[in-house]
Amino acid sequence: MDWKQLLRWLAGGLLLGLFVSFALGPFIWQLITALKPAGQLAQLPPLLPAPPTAQHFVAVLGAPGFLRVAANSVFVAVTTMLLAFILGVPAAYALAKLQVGGRQVILAALLCFSMFPAIANVAPLYLLFIHLGIRDSVFAVVITHSVFALPFTVWTLTNFFQEIPNDLYRAARIDGCSHGGILRHVVLPLAMPGLVSVGLLVFIFSWNEFLYSFTLTATERSRTLPVAIALFAGLHEIPWGEIAAAAILATIPTVVLVFLFQRRIISGLTAGAVKG
Amino acid sequence: MTDATRERLGRYALLGPAALFVAGVALLPVLFTLWLSLRRQLPIFGVSRFVGFENYRFLLEDGRFWSASAHTGYFVLFSVTLELALGLGIALLLRQRFPGRGVACALVLLPWAVPSVVAARFWEWIFNSDYGVLNYLLGTSVNWLGDPRWALPAAILADVWKTTPFVALLLLAGLQVIPEELYRAARIDGANSLQAFRRITLPLLMPVILLVLLFRTMDAARIFDLIFVLTGGGPANRTETLVVYAYKLLYRTLQFGYGSAVAVTTFLFILALSLAYLRIFRRAWRMREDR
Amino acid sequence: MDLDITNLSKQFKDQMAVQIPSLTIRQGEFFTFVGPSGSGKSTILNLIAGLEQPSTGLLRLGERLLNDLPPHKRDVAFVFQSYALYPHLTVSQNLAFPLELAHIPRETIRHRVQEVSSSLGIATLVDKRPAQLSGGERQRVALGRAIIRHPHLFLFDEPLSNLDAPLRAQMRKELRQLHQRLNTTFIYVTHDQEEALSLSDRIAVMQAGRIQQCDSPRAVYGQPANRFVASFFGSPPMNFFPAELQASPEGTFVQLAGRRLHIGELSPLSPKTMAVTVGIRPEDVRIRRESASEGWPMRISHLELHGGQTYLELSIEGLPLTAVERADAGYRPGEEVRATVGVERLHLFDAQTGARLTLKASGQ
Amino acid sequence: MRHKVSISSLALLLVLLGVTCSQYRAPGPNEPVTLVFKHAKHPRYAALSQLIRQFEAENPAIRVREEILPSSTDEQHQFYVINLAARADDFDVLDMDIIWVPEFARAGWLLPLDPSVTPAELAPLNPAALRADWLGKRLYAVPWFVDAGVLYYRKDLLAKYGLGPPRTYPELLETARTILGKEHGSHLVGFVWQGMQYEGLVCAALEFIRGNGGELLHDGKNPALTEPATLEALAFMNGLIRNYKVTPPLVTTLNEEATRNIFQSGRAVFMRNWPYAWRLLNQPDSPVAGRVGITVVPHFPGHASVPTMGGFHLGVNIQSRHKAEAIALVRFMIRRSAQKEVLLKLGVLSADTGVYRDPEVQQALPFLKDVLPALEQAQPRPVTPYYLMISQIVQPELSAVVAGVRTPERAMRSADQQIRHLLEAQ
């Protein structure tokens, strides 16, 4: 390796190091905050907690209903993902593989709905759920999340499905597959990497979403984590340590998923991103 | 029924459930908001009547609306540009093969896994000019969120932190499909890395760049949570964006009609931008396919 | 069972992709649609398979009307250019797939998979996935997936074009043998004229969605129905020259490159002269050394060696002419030669319509 | 194999759907009425549940379910607006920030309480707070607990230099400058208050303005922003930051908690805040525990202190299906015994002024004697249904003054115009 190349590697490593610390910095700071005793929170220095304390984590985990809310969040995110697939996969398949009239228009219209400011349509949406009688239920949240995840799901999956060679799809029809059979036997297994990434993105979206979840829920029966975190603050008093601890705890599942699937996300999006 | 009609019906049957849900849950509220925006609806004045485009006409003379538009434009321009530049840099670095690449990828992706309300709290804590870690590390005492000159840039920084991973990820995906041979050919033709980047990477990546621009612009133009938590629109309204303004009109002051009009106008701005992108987008694709 | 095609057409937006007034493909026949890309030949296969719906027309297999049947009920098998093997299934799963969908008992399936894979020489590969196979092996698996269903019709869409030359030659032979063994109708689509000639019982030459000629390989090559068909077959391709046809009491003559050739009687020629195109296959050109007195004097501009043969590039009055000679004849570039062509070897086409003009005398 | 997985997950989904749906069932005829009580997450709200159990014990036919809202007033307000505008009937009793009461009442979302709640019941309640509950001749809510701006000071520092708690703003300025001049080297600042662009800024600014005899709005309809008293007060606020450097520029990011954090870490001499901070400042791990004094917010010479009144009020959703029961709960909550619990257990200030004379209370919470004058002098923000609109107009202008990007004259002229436009538009 000559010195020029070495220099390039060093520069690249340095830059990457900078990026990574930019990405990680706020996390680490949040973790430090979560470990600081309450009295030290509004002080700097000391930079590091002395001594570190688990009091905030204990308080969060021990808070009444926190586990129930965490379970709600898991249920909502997983079900949202499933529903987005149940609705989105056939639609994406139809758009990708069957000559559906007005395909461009359908895709554009889908995109349009995701452009509308959420704060404006949350109130009418809420009215709708009152009429349907499913206010303050996880299902109201699930339905909303999956519908607002649909444009992304359909767009990305349509692209994945288009990457599947037409001949395979024709072969399956000759071999006796119905549309459902083609989806099940050919399209889904082949688009698995894409499904994994889309599923993960939808999961994260649902896990993190606040405004709809907040409006559509009223009690711990249906509340999700971001809403619960918003509830940590008192009227004037903001328990920074507990918020930091709750934020760290709430981020862990998505972080674990990102770590588990990062390879899949990248390879999955490759197929989808390219054709737009 | 012939096989052909059955077949055609089958296609729409596949689209049906998705269309039904979208129409019910997404379209209805939008229509309702459109309808509201044509009304003067002020419960505390006891007013509820149809006024046509009166609300939209009033937008023209509402200085606060225009300054919110300007802030939104500023926010979109700088956050999206920065995210694109940073994201591209990260993507180019991560394309190289090196030990620990997977871990680096995952680490860079992390901010994107944080709920945006929580991310805003992170940054509120970091920007605190008294005991925030940013001033501590920089050795400065800048009033990040309280100085009219710094508040919007600070919000942009927080947004860049949160969404650059998404941009980097999509760009990285786009980079991975550019065939390696092209770079080898360029090297043989005597191109240096900068030229290779300009002549090969950029043009071939253009469709993905445009896709990223589209999604990011759509999101950035609707920025709400982050600014609402960080500054609430202040100081001196210098960070008030369109959606923050719409929120205040709708939920703080119950101007349902006018607030809806601001929301609808925001939507129209985004729509116009997206259509412009899509147009460029289609052209870029055609160019690529012709090649 | 014969396949009857009546009045079939397929229109895509503003373009007529296929138009076939009538065609019968007989039971057990190896029938090939050949033509350049975009000539509509693959569309015909899709229409027969039911992957696309015709704009008009009827498809009948024996007594059965195919039009309203979904693809898998038409009793056809399809072999794709890309093989279309399911990448996530093993070879045996690929083979078994259509049978499983037809709810055939598991035992029967296993038996048939075994039988087919051993007959195609892929028995050792059954547990591999397509990605682990070579091109030829994939091709065999694709064939196997078609055979295993015992269909009435085999449809082949350019199945050999992804293979390299030696493998292609071998697969051609195997396909031919397979056809003999199965004694089922094969409908084959290719753009490769050589493949069409060597494999088929009958060939339909397609251009712009229409059949230009439908006949045996010998006839298609020997009596091309028009200039397009003539130019499509043969390697090197047929030479064409503008010429004039002159009718006189002494008979009919062709005025070609300064010479007047008597070609015997020609069926009705109303004007006394007409513009024609003369086609000469390279192998019909006979070359002599300069010492000969007969024929056109020419100069060899270029030689191209093809194994045992040499392609000679010549020119008459500025028009190029290709001839084929044995390689050991020892011609050199720049050499002056004379070329002759047997009158009975000339192909005459109407210069305007391109249709073949038939000589009465050389009729038989 | 694969499709079996997807089918089973679908089945699981359906089962779960069924399970959750089955939770919904209508109450039988003999079951007690269940009231839904929506309230914010107030400090130590667990104590509220005990109070509610007490109510249930007295009224066996009524069950009360608490549904807690985030304490962010924005999120609370948003929630109520969406629900009340939608005529939702699934909650009966709600708690409201004092400034929402006229708004919700005017919008017709609240049930008038005046025939049921008797004058005798209202008599002990803080009269200034109660003023916000009347619209026209009807009573739409009752004060549940109250709040008033107070001035916190560092007892130890003032004592060190032989100074007493300031009564006027010039005194405060002088005291702060004296101490800052002597305590240089430490990161001490003089006076912190809420200067972020939000409702808290209006509360703080109103104390400066009213302490100088100025007003925001006369009679709930005439803007008074351009009057000299108002402008002077705002110029003083700006001067605290830019001329006297007693208030740090970062005040533009401070809300209640941020000011408390600064003060609690021992880095400010004075702080404007609400009484809630007292308990936190005196926690064992607080650096300033035991070194804090509390007094009425200052005024300008020749005028009186007017702390801004805050607090929460209880009302009944007009769509409630159990109006009588809901009113019973509201009346229970303003009863002397309940108000005492509110003060002692919830740690908020009771609306019932009589409670403060209770010896038990005086003994348990001795600091109340310093807070009581503030509660007695406190005035609500302009009582009008349009207050929130006016506040939305005033907030950015006040913020512009505090951030130093506009002069008080320019800012208030602009606010004045917008408010006039708004009030004419009705």
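A, B, C and D label the chains in the order they appear, each numbered from 1.
One rule holds in what follows: a residue touches a chain if its C-beta (ideal position, glycine included) is under 8 Å from a C-beta of that chain, and two chains touch if they have at least 3 such contacts.
Source: prediction; values computed, not measured.
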Common touching chains of chain D and chain B: A
Farthest chain (mean CA position) relative to chain C: D
Leading chain pair when contacts are tallied as C-beta pairs: A-B
Rounded Å distance, chain A centre to chain B centre (Cα mean): 16
Intercentroid distance (Cα basis), chain D paired with chain C, Å: 89
Between chain D and chain A, distance of the C-alpha-averaged centres to the nearest whole Å: 36
Computed distance of Cα centres, chain C from chain B, in Å: 56
Junction residues of chain D - those touching two or more other chains: 78, 82, 85, 261-262, 265
Touching two or more other chains - residues of chain A: 42-43, 86, 122-123, 127, 185, 189, 230
Junction residues of chain B - those touching two or more other chains: 130-131, 250-251
Interfacial residue positions of chain A with respect to chain D in the complex: 37-39, 41-43, 75, 79, 82-83, 86, 122-123, 126-127, 130, 133, 135-139, 184-185, 188-189, 214-215, 218-219, 221, 227, 230-231, 233-238
Interfacial residue positions of chain A with respect to chain C in the complex: 165, 167-168, 170-177, 181, 185-186, 189-190
Residues of chain D that touch chain B when the two form their complex: 74, 77-78, 81-82, 85, 103, 106-109, 195-198, 248-254, 258, 261-262, 265, 267, 385-386, 388-389, 392, 395-397, 399-400, 402-403, 405-406, 426
List of chain D residues in touch with chain A within their complex: 2-3, 6, 9-10, 13, 16-17, 20-21, 23-24, 38, 40-43, 67-68, 70-72, 75, 78-79, 82-83, 85-86, 88, 90-91, 256-257, 260-262, 264-265, 273-274, 276-277, 280, 283, 285-287
Partner chain A, residues of chain B touching it in the complex: 10-12, 14-15, 17-19, 21-22, 24-30, 32-33, 86, 89-90, 93-94, 96, 102, 104-119, 121-123, 125-126, 130-133, 136, 161, 164-165, 169-170, 172-174, 176-177, 207-208, 210-211, 218, 222, 224-225, 242-243, 246-247, 250-251, 259-260, 263-264, 266-267, 270-271, 274, 278, 281, 285
